[in-house]
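Each of the two complexes below includes chain A, the first together with chain B, the second together with chain C.
Up next, the complex of A and B:
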């Protein structure tokens, strides 16, 4: 490993760590405002989100369960970003994938294994198709993809509201909800007490596959070049537009899978207002995870753990509202995106400790 | 059938429902004109809704609450501009973070200070009064439609007109458009790009917050979790649908508002699914974007803006040098 690579890895790990620390420190002001000790609060939060007292009542396993959709939507964002597409359409693709699973989960009778597998494939196809439109609009007409994906998100959410309230509504009860899916379609769980199960294994598999795709395949290389250095890619004969569309198709498929797995593995049906926000969280996870699959895996667990810890640890054992968890995450993102703050800081630390930086870096 | 749905009452309620969307959209259009994508409108609106009702509660005066909301929305815009210009924080990432922060922390404060759970109100808070404009009520139909709204509704119309005058009839407005169309050219001729960006971000924050105030003390007198409920995002869409022209944007907002009102009405008089009507403005916006894209007239501007997806931080110094 070259010294340059070592320093890159160090920076890649150090900046998010500093951001997490800064986020926790700044959020402790709000804990103090609620007349509580930040140390006690954070101890409870981490114990509930990342601890494990008994195998049947294990907070950490629930954290892994909740990290599962984030890993998928995070990977979805990674593939899009690496292909030069700033897509934030994960929310819409997720919702459509979820609806495919909720509908086909009871509408077609199939044997186990085949049933969820078929649903997963179809959900991925629907997600990819939904990502295709903004991709083509970007490549052919140069319409900004952030804008179109946002509108596509609202359309998908409205469509879900329509489906849940009308064609797929199970009962005339007060809450709009779809019929529960058949047992054959459900993804198995490993242990009682949480929905941690096959979905998580699929997520780990997806992390590995996305890594192989982006860093160990020719198409993935084209993808990254088209995203990172469009001019260089064109010079090398890579068709940037094609790479961008392919990136969006993969991205959409991953987000669609996230929605399907959330239904097949956890909820088994779709309620009105189902999991809105998991798509946006995926974008945040990708950013905090250094736009890298392994980073996404780690940050998803962190995200899910802080949310769960705030929900169970804070709200139940102390009187601090669970919303603190989301607040901490937002602050962490803010600190991470203020990258020059840390590059300034790191440069200063380097100067003080006398560590030599490569020439040319100082000028930047 | 149509007459039963598009009644005057429905249109009036359309105007009311349009107000927060239009206010956010006018601010968003100003930002777009200056080449700044403001995706924090949702959060700014929610914060406006929160600070308006808390302000009205603490001061005992609803108008002061509205003022407090506008000022605090402007402050968020200022913080936004500071982080963007000083620390080069990516505007879109920052917007997503701020939206999340405000959505969570407004509920946090509600629970901590007012002990409220889902929603909060206090009997001492008065709703923003409706204003009857003398003479207007005598005009048939139009009078009924336009008269008797509260001050924020009228302010939204004034904001559209004001933004139009600033953009197209003043030197500063020409500077704003110049920055959006070609930033480096604008810099070369001595236009202060930071001043323009601070201006549009502060104004859009204040306008979006005003829209939020309409929700919490104008339309209702309570604050609920996630009260803006996507209206800020609709504002982003409406701004683009209205091609970032303040007057068109106001009408785009009215289109969204009317669709909402019709959706509510449909639920009571027919069995047509309301969300089908709410599709219309969104589909129309996509069609408009495609048409603008096809016409190829906009060489630059927001629609064609090159947005760089987030990059890994390792080697951030190198990436910054490239920019």
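Up next, the complex of A and C:
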């Protein structure tokens, strides 16, 4: 391994670690303000989010369950970013994928396995189709994909609200909710009482497949080259526009799958307000995970764990409101965004140590 | 604010020429881990023309940027006229009478010559600029130094050589007594270079010291009194020009003997390979960059397209290689029309392309050697199977490029970002030649390379020619065209204005055509 490669890996690991540490240190001020010991609070948080005393009471398995949609939306963002498209349309594609699952989950009677498989494929197709429009607008007419995907998110969320309130509304009760899906469509769970199940396995599979796609397949190569160095790609004969559209299709399919798996594996129906920003979180997860599938996996688990830990560990065991979890995440994101802080710091360290090695300095 | 020029047009440039002595200058750039200057001693006598030569990356420009206050040295001292000085900022340098004309001019194109020269110190009355006064002052300044220029002309309309003159006048207006010219001839035709040398001699005769950065050794012999040679951050030596010659200077620069004549057997042209017929290309801003241009390149010959930069070279190459659409005309490769084919199909038909911008077009510096060498060939069955890349084969290709073209410090699977310019160009050459092309389109293939790498690139192109490849060589370096081409076409404002046989063409002839002149008018 070259020194440069080692540096890259070191930076890739060091920067998120420093960010997490800084976030926790800063957040401890708020814990102190709530008249609690930060050490106790963080111990409870990590015990609830990442601990596992018995299989039946295993917070970490719940964390993995909650990380599942984040992994998919994070991968969706990775594929888009790697093809040079700054798509933040995961939320919209996620919501549409979820609606496909909620509807077909009870509307078509099918045997087990076939039922969820078919739904998954269709949800992916719908997500891909929904990503196709902003992609084509960008490639053909140079319409900014950030703006179109944001608009498309709003449209999808409003469309979901309409579906849940009118055509797919199950009861006349006070809350708008779709009919629960058939048992045949549900994704199996590994432990009774926990939703940790096949969905997570699919997420791990997706991490591997996305990695192979991006770094081993011809289309992935085309996409990365077009995203990284458009002039170089064009010079080599890669059609950058096509590559970008393909990337967006894959990205949309992954986000659509995220929505469907969330319905098939966890909620089994869609409530009004189902969208809780899991799509948007995908963008954050992708960036914090260094736009890499493995990074996405790690950051997703971390995100889900801190949220769960704040919700269970803090809220229930101590008196600190669970919003602190969101606060910690926000601070971590802030510190990762300020990554130039660390790169400057690391560069400064390199300079100070390097200077002593540089010839000519001794004579100064 | 007082101007060094008084209102009646009389001049007050009475200061004596400056002498500068830099000693023990050391500068290390930690970000790129380059020791740009390593205890450099450099002295310039008052009133002389002093050439500073060295390969790219030898540290010439860094040394001069330190003198001009743009870069802070890690250690070392500077004396001006014997007095120790500290130069932290260009303002300090200008106050001392030191000024610099950069490679890239810092002029406002939409302003007139006078407005540019007097920018910031315009003569005003009641807050309004007095254009008549401005023009008179600039005219007087130009007369004093024998640098004729029209003060009312818009700078954007002037040729590069006159823009350079405006930059020099601007420095003289600030009472510069020592002028640093950073590669001033890089953008000029041979005739314009001759004029510039006249200007430099006139400056010296009027008591200015001139430091002249270049890597063209013939120019040094022609205009300088002393020459200092740098190599890899160190000062190799300083010599009176009268006591040295081009061969010795080249050896000092490179550290070994340099072949000046490329080993080039006579060409044996075969059938036409690349045929361009009445090609017209319009740029995005509506300018017709290539107009009604026709040319033919045969197998086994190098056709050189000479011309001053910006006369349609980029557009011609882009249209031929498929990077840019042609408006009209046809392009044929081995008889097959390729005018409207995408890049990939042209490459598949045997076209290779060495682009002028190797850093963002020829290579992707953010990725590995493997992914760089396969970009034009990854769809071949040997490099991809069932939609997946065949990594061993690609690594083998990378290995072949590295060993066949002796790319130092590059290994398959590793990033290429840290390679030097010469090694990066070897990667481009290796990739383009690996597919055994029938036609190579090379645009400025040695731009920014050091002497050793230039030799390598030239020999590679000639070897390809001798194997029967048709080579279209586009270059603004006249030496390169004269050394390599079998036939020379001169490009001026998007048209071929002349064709010369390389065996009989002289630098003067090509230079006249490059400047838009005709040979009949001279002879």
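Note that the second predicted complex is superposed on the first by the 349 of 364 C-alpha atoms of A that agree within 3 Å, B and C clash if a C-alpha of one lies under 4 Å from a C-alpha of the other, contacts with A are read in each partner's own complex, and residues count from 1 in each chain.
In this text, a contact is a pair of C-beta atoms (placed from the backbone, for glycine too) under 8 Å apart; a residue touches a chain by one contact, two chains touch by 3 or more.
Quick caveat: nothing in here was measured; it's all calculated off a predicted structure.
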Touching partner for A:85 - first (chain B), second (chain C), both, neither: first
Which superposed partner A:219 touches (first chain B, second chain C, both, neither): second
Chain B versus chain C as contact partner of A:237, first or second or both or neither: second
First (chain B), second (chain C), both or neither touched by A:321: first
Chain B versus chain C as contact partner of A:184, first or second or both or neither: neither
Greater residue coverage of chain A in the superposed arrangement, chain B or chain C: B
Set intersection of chain A contacts, chain C complex versus chain B complex: 228, 347, 361, 363-364
Residues of chain A defined as touching chain B within the complex: 8-9, 11-12, 15-16, 30, 33-34, 80-82, 84-86, 88, 137, 140-148, 150-155, 157-159, 161-162, 165-166, 227-228, 280, 283-284, 286-287, 290-292, 320-321, 323-327, 329-331, 333-334, 336-343, 347, 361, 363-364
Chain A-touching residues of chain B, taken from the complex the two chains share: 37, 39, 83, 87-90, 92-94, 96-98, 100-101, 103-105, 107-108, 111-112, 230, 233-234, 236-237, 240, 273, 275-276, 278-279, 282-283, 285-286, 289-290, 292-294, 302-305, 307-318, 320-321
Chain C-facing residues of chain A, complex: 2, 4-5, 212, 216-219, 221, 224-225, 228-229, 231-239, 347, 350-351, 354-355, 358-361, 363-364
Chain A-touching residues of chain C, taken from the complex the two chains share: 24, 26, 28, 30-31, 33, 35, 38-39, 74-75, 321, 323, 342-347, 353, 355, 357, 360-367, 371, 375-376, 378-379, 384, 387-389, 391, 414-415, 417-418
